[in-house]
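Chain IDs A, B, C, D, E and F follow the sequence of writing; residue 1 opens each chain.
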Amino acid sequence: MEYILIIISAVFVNNILLSQFLGVCPFLGVSNKVSTAAGMAGAVTFVMSVATLVTYLLQNYVLIPLGIEFMQTVAFILVIAALVQMVEIILKKVSPSLYQALGIFLPLITTNCAVLGVAIIVVSKEFAFGGDPQMLNLAESVVFAIANALGFGLAMILFAGLREQLELANVPKPFKGMPIALITAGILALSFMGFAGLV
Amino acid sequence: MARESTLKNMVITLASITLVSSALLGGVYALTKSPIDMAKVAKINAAISKVVAEFDNNPSSEKFAKEMGGKSYTVYPARMGDELVGYAIESFTTGGFGGRIVLMVGFNSDGTINNTAVLSHAETPGLGDKMVEGKSDFSVQFQGKNPEDFKLLVKKDGGDVDAITASTITSRAFCEAVEAAWEVYKLCNEENIKKEVQDE
Amino acid sequence: MSKTFSIGGIHPHDNKISINAAIENFPVMERAYISMSQHLGAPAEPVVAKGDKVKTGQLIAKANGFISANVHSSVSGTVNSIEMLPDLSGNLVQHIVINVEGDEWEESIDRSSEINRKIVHSPKEIIDKIAECGIVGLGGAAFPTHIKLSPPPGKKADYLLVNGAECEPYLTSDYRIMLENTEEILIGVKLMMLALGVKKSYIGIEENKPKAIKRMKEIASKGYPEIKIVSLKKRYPQGGEKQLIDAIVGRQVPSMGLPIDVGVVVQNVGTALAVYEAVQKNKPLFEGVVTVTGKCMPEQRNFRMRVGTTFESMIFAVGGFPKDAEKLVSGGPMMGKAVSRIEAASVKSTSALLLLTLEETKRGEEANCIRCAKCVDACPMGLEPYLLNRLSRANRVEDLEANMVHDCIECGSCLYVCPSDIPLLDTIRLSKAKVLKIIRSRPKK
Amino acid sequence: MTAIIIFTIASLTVLGLVLALILYFTAQKFKVVEDPRIDDVETILPGANCGGCGFTGCRAFAEGCVKAETMDGLFCPVGGNDVMKKVAEYLGRSVEEKVPQVAVVRCNGNCDSRPKSNNYDGYTSCAVMASLYAGDTDCRYGCLGQGDCELSCDFDAIKMNPRTGLPEVDEEKCTACGACVKACPKMIIELRNKGPKGKRIFVSCINKDKGGVARKACAVACIGCTKCQKVCAYDAITISSNLAYIDYNKCKLCRKCVVECPTNAIWEVNFPVRVPKKAVAEVEQQ
Amino acid sequence: MSKLNILTKGILKENPVFVLLLGMCPTLGTTTSAINGLGMGLATTFVLMLSNVVISAIAGFVPAKVRIPSYIVVIASFVTILQFVMQAYTPGLYETLGLFIPLIVVNCIVLGRAEAFASKNSISDSFMDGVGIGLGFTAALTVLGLVRELLGSASAFGVKFIEGDGILVFVLAPGAFIALGYLLVLFNKLKTKIK
Amino acid sequence: MKKLIVSPAPHLHGKESTKSLMRDVIIALAPSLLVSVYYFGFSAVKLALVGVATAVAVEYVIQKYIVKSKITVNDYSAALTGLLLSLNLPPNSPWWIMFIGSVVAIGIAKMTFGGVGQNLFNPALVGRVFLLVSFPVIMTDYSIPTSWFREGIDAGSGATALSIVKEGLARGLTMDQIFDANNFSYSQMLFSKIGGSVGEVSALALILGFIYLLIRRVIRPHIPVAIIGTVLVFSGVFWLINPESYADPLFNVLTGGILIGSIFMATDYVTSPMSKKGMVLYGIGIGVITMLIRYWGAYPEGISFAILIMNATVPLINMYMKPAKFGKEVKHG
């Protein structure tokens, strides 16, 4: 049940993109086509869960014991950057097809607020949203990360669908491109507010 | 421009950059540690002094934890001279609209609520955040009330509290947190009486 | 229970106002303009020269290439010239122009009105006869009939479907021949069945022609048991061959496929009549029934008319242009072609001449698509015209192909129903041509 | 306190070292051979991996640049023009100098000289109209006037003139991109050399019908009378299927053919206004 | 390019928010009020300025392959320093801006400027660039914050000028997107006008 | 010689136009409007007038002065949006709420996207949800204005049936107690007399409109039927499990915006799927999300949000749920 609540909360109620504003750049940047958006979502899911796992361990078994939690930001981003690059290198060699599908999104993920954001949220209660004051344990953290990635993917794919339709519509010139995309995202966020209170 | 990458210079560069920056960080950390701690304490102290009657001790240094219903609450006793003038109790709930709400609830020694202060919350601006003092009169209605005869439930649920319009959820959560603080207060008071009895 | 096809379709008012006008012979004109592009495929090759005397029914041009058909003179007289003249669209096409002198028919043609029921020819002979007489499909596309009746090796027909649907509003020529030449049609069908070697045939007729259904059934039951008459729902485009096959035998021709791929050959009732006349009466295809109609016309007529009659003379035969007629359509209002030059002449497959007023034909001003999906519901091919239109305008050729634009049968249902008067079919037609070209240029598997 | 500082330094340095080593060795072990230019272009790029270019990161963009034929449509918003110029330079894609060209409309059959013989009332698209029939005048070759060319132009350089019903090219704006040439179903538009000071001479007609037919359909048609060919001293004019064509590489802009053409089908552009011949003769006589 | 030019281009010509559309998360996430926007902008400017200077100084020594990790470490260090300072001296603002402070590390603008400008230009130019872009960012966030605050809470910089609540959506997530969408259009109009 | 008109086939066109379709929907809404005028008097008239006038004016101004495009206000679509929005507000809403709602609906949700047919989300619902989120106090105040015609109304509680139920459950009452305490009955729901938005007072009037739209072939039944069916099944299951705390299916269908939402708003052409399969999926989605929000969400009523959320899925539905193509699978019979 606990897990289900985490998932519903992260996917619908506190959607990482539409209500937390994490990872908005790729949300706006690579959402022109549903297939691209789906690729990005897949890559984010993978990286987010692995990164959260690693940073969770790093925080609880290195930083806290040494009393240097304040190094969190530096350590996490380094680990994430290295992780992403490693995954990219390996993927390119081991499975070029998977690399074509997901790998090309990897560089975008390093500088994506969502991955670092989730990694930080799970280990520091001061930033937790809507969660229990108790810290999440390892399993919950990973579920939380996956759920957020799913929320990211959901918003991303819906949005990409909407933008593909907009592509064929005659949007007034000044609104073409980013402005209408933002307004669409706004209305999407507005509708997601309906999920408020589900958990 | 960038240099040719070799294993040696890569490792050396990265290592030296991390070395320098970590040294820098450690240094700044050392420098700012006490101001940071002070800022944290100051925030708590400000809240305490807002919610309890006048005192002259340092409640933060006398704080103790109280277990209740499997949760731990922090209690700050306030004294004027030797006399215990009340408790500031840091209470919380996760029943808010945006999740966790942390309150500081101050009780006078007679059990009446002196005042409340919101320490942190994630309620909606314009709606739930009206529980914060100054944004609406919601929190004022608790002042001077004794939960013994002031039912800490919103009126809709049969209590005495006027809910914030369109924010029943927040109001309920607020009441819940105050109620919890009240329970903790009663625990402390009992112990105190016990202690006093023992002392005597 | 009437049968019908499974996807889409619309219900325009059928306006069969000329339904009771019996077929009359149209007077032979002074000059005949006989196009060499009477049919799908390569134009025919003239075999007469300027100054030659010709008789009615005499071969004047020979089929040229695989998909092509012979052309016969529809009048007797002297060849005035062989020249490039504009057709009804204004495009230049080779014509044989004949100055009419009398009306002397080839002797071999049996002009008696007696019905010749006796079939003496072998399948091969039947097909040769059809080819020789230059029969083309009279259902619209004018595809040479002898080719359709000779399925490629490896493909075999199970059924012959005869198209008497006449689903286009206004048209009544098929109806009239079904009433007036019922038995001839049945014999024609039988001949084609023999040629194809099929055991079973269906004639599909829309239920708004109850008399034709009744008469057909009556005669068929007396001696043509292998031919079944099927009543069809009144629904456009019931007569589209893919729809007809779906309705009658429940098979769907695959994308880019031909009827023969599902074991069916479809022929129009007019074609059946022409086959009868060719095989049993030795009469080449040089005349056909043409409905001349329109709400603005004082009278509605059905004429048996020689090929090569100008549109101008047809109009004047019924009293000239009505004042409010603004558009002249050769064929039905849904698929027919607007005539840009009335001096152009009729061809073998001309089935109607329709005069429309501006009010009847005016297309509203284009507005934004409101995504009402009426076009999607109407499309008998299960396409999404609104989408094809948008993709066409954005020139997204790959997406167009993925959305099967090449399956469009150009029935016009989508454009008919669209409340926003989006030129759906106009843009679809363009991209269909583009996509078909790409598909055909691909190496075959 | 010092302990913490030491831990900080130690841990971060160790972390940096370890990560660098891991990365180095994975990179060695899983090396994939690729076009080395991609690496180089990537170095030129900002490396912000923001996705602003529409690609999924700087490397993908670099790959895109290397693979693309031209730099059209490739732009990095972070690096801006400077970076793009560098990339183009590196890839050796500086645009080569071309003789400036301009789009020329080869039909001058306006509403007066080419009467309508029917009224087109379909979708305003030349392509649709052309696929339907020969056109709303008796000339089967001429402009259909529905403005596909105007629609195709990204630079607002070709506009329909409602008075003549013909498109007009704005020389200043025309970039000779050729979009209108492709768009015109009648193949009326041609890219021609702009000519010195923009001066050009061309036959503004593509009617291949015999003289009489052409003339009947349109008062300003080229009737293939060969007068221009005869008068041209530079062999610039050829006539085939009743139609004259002026080779812009041979034409010396002498303007003799312009005067000679009986139907005024030959156009001169950007020449000073010519004093009518008769007037000149009269002046001389006096 | 003159120093002044470097300083001002970030505000209009290369405005990181309105033109480059980078750093969208803090732009949307922290602009519930003008003050918050201003605070976030200044915090980012601080990091941008310092990291630009340092990166400009070290760019010559860093081998290409470890370029990005090195820059990230530098940026992350400044972000952490910023965290310390804010926690110590502006704890209230630190709490409001929350997660978005550490996330400055991954703000594309910071790394972007490091790569695109600082690594190729002199220290002083890089400093100017950091300040300029930072101010552009700050201006954009303040304007967006102001608009959202005006509409959403009927106040400006925390000063209430009419009674009542305002149109709540604008301080919530959807309002952020919508307000930015329309601001973008206005900005483009303004830019073409100025040109 | 007469100059003929030449155009591509077909040469005939159906009689329907955007205008006639929109007009039909307005006609179908007339019964509900009349009933609401009967019950709410001048308030209902005022809201409808302000709504329609504002919507039309905003569209006109934007087309005339801002985007300078063809003016399409006479296709009635803006008027319809304004009318639907007015029918979706609490009867006592002040006029300025209606005004803001219409401005948002037409200005933001419709014209920004390019006008009729181009919007991705239902304009009236964007307007309503915008108001709901922005002015929750006003938008959840269902007190009933006085009317000229009607004598004292029995349901003056100022809350919708759904919020009464939700509150009651929160207080630990059972379903029966809530029903008894509030005198809920089905005839009330059919003929109104239960608090709610302007347009949802009478289920019967809405159903009348539905029948009219079906007969005129303006809409297809797929979406409303799928929504109502889903709500029936969903609430039925819960009701069977625990009738104490879950209302019965019929109550769920007849109260709240289910009827007006599924008949008039989910069916909006522009924002609903194009294929019938898609429509059914879309309807099921709306039904499920509505019930999720009703049972577990913060809002007592969920159909507005549910429709908007499903609007967002429409492009995907259209992409992956194509109509059945002719000849895709050859069926030999």
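Heads up, the rule we're going with is that a residue touches a chain if its C-beta (ideal position, glycine included) is under 8 Å from a C-beta of that chain, and two chains touch if they have at least 3 such contacts.
Since we're looking at a predicted model, the values are computed, not measured.
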item: Partner chains that subunit D and subunit E have in common; value: A, B, F
item: Labels of chains that are neighbours to subunit E and to subunit F; value: A, B, D
item: Identity of the chain that, by mean CA position, is farthest from subunit E; value: C
item: Chain pair, most C-beta pairs within the contact cut-off; value: C-F
item: Farthest chain (mean CA position) relative to subunit A; value: C
item: Mean-CA-position distance for subunit E and subunit B (Å); value: 32
item: Between subunit F and subunit B, distance of the C-alpha-averaged centres to the nearest whole Å; value: 45
item: Interchain centroid distance [CA atoms averaged], subunit C/subunit E, Å; value: 70
item: Multi-partner residues of subunit D (at least 2 other chains); value: 4, 8, 11-12, 15-16, 19-20, 27, 43, 48-50, 52, 117-118, 121-123, 128, 132-133, 136
item: Sites on subunit B at which at least two other chains make contact; value: 2, 10, 14, 17-18, 21-22, 25, 29, 97, 127, 169
item: Multi-partner residues of subunit C (each touching 2 or more other chains); value: 338, 340, 362-363, 368, 423, 426, 429
item: All chain pairs that touch each other; value: A-B, A-C, A-D, A-E, A-F, B-D, B-E, B-F, C-D, C-F, D-E, D-F, E-F
item: Subunit D residues within the subunit B interface of the complex; value: 1, 4-6, 8-9, 11-13, 15-17, 19-21, 24, 43
item: Residue numbers on subunit A that touch subunit D, as the complex places them; value: 25-26, 29-30, 32, 36, 39-40, 62-63, 66-68, 71, 74-75, 78-79, 82, 85-86, 89-90, 92-94, 104-108, 110-111
item: Touch list for subunit B against partner subunit E, complex; value: 1-6, 9-10, 13-14, 17-18, 21-22, 24-25, 28-29, 31-32, 35-36, 38-40, 43, 120, 124-127
item: Complex contacts: residues of subunit A adjacent to subunit C; value: 167-168, 170
item: Touching residues (chain side subunit F, partner subunit C) in the complex; value: 2, 4-14, 16-18, 20-21, 72, 75, 77, 114-118, 220, 269-275, 318, 322-333
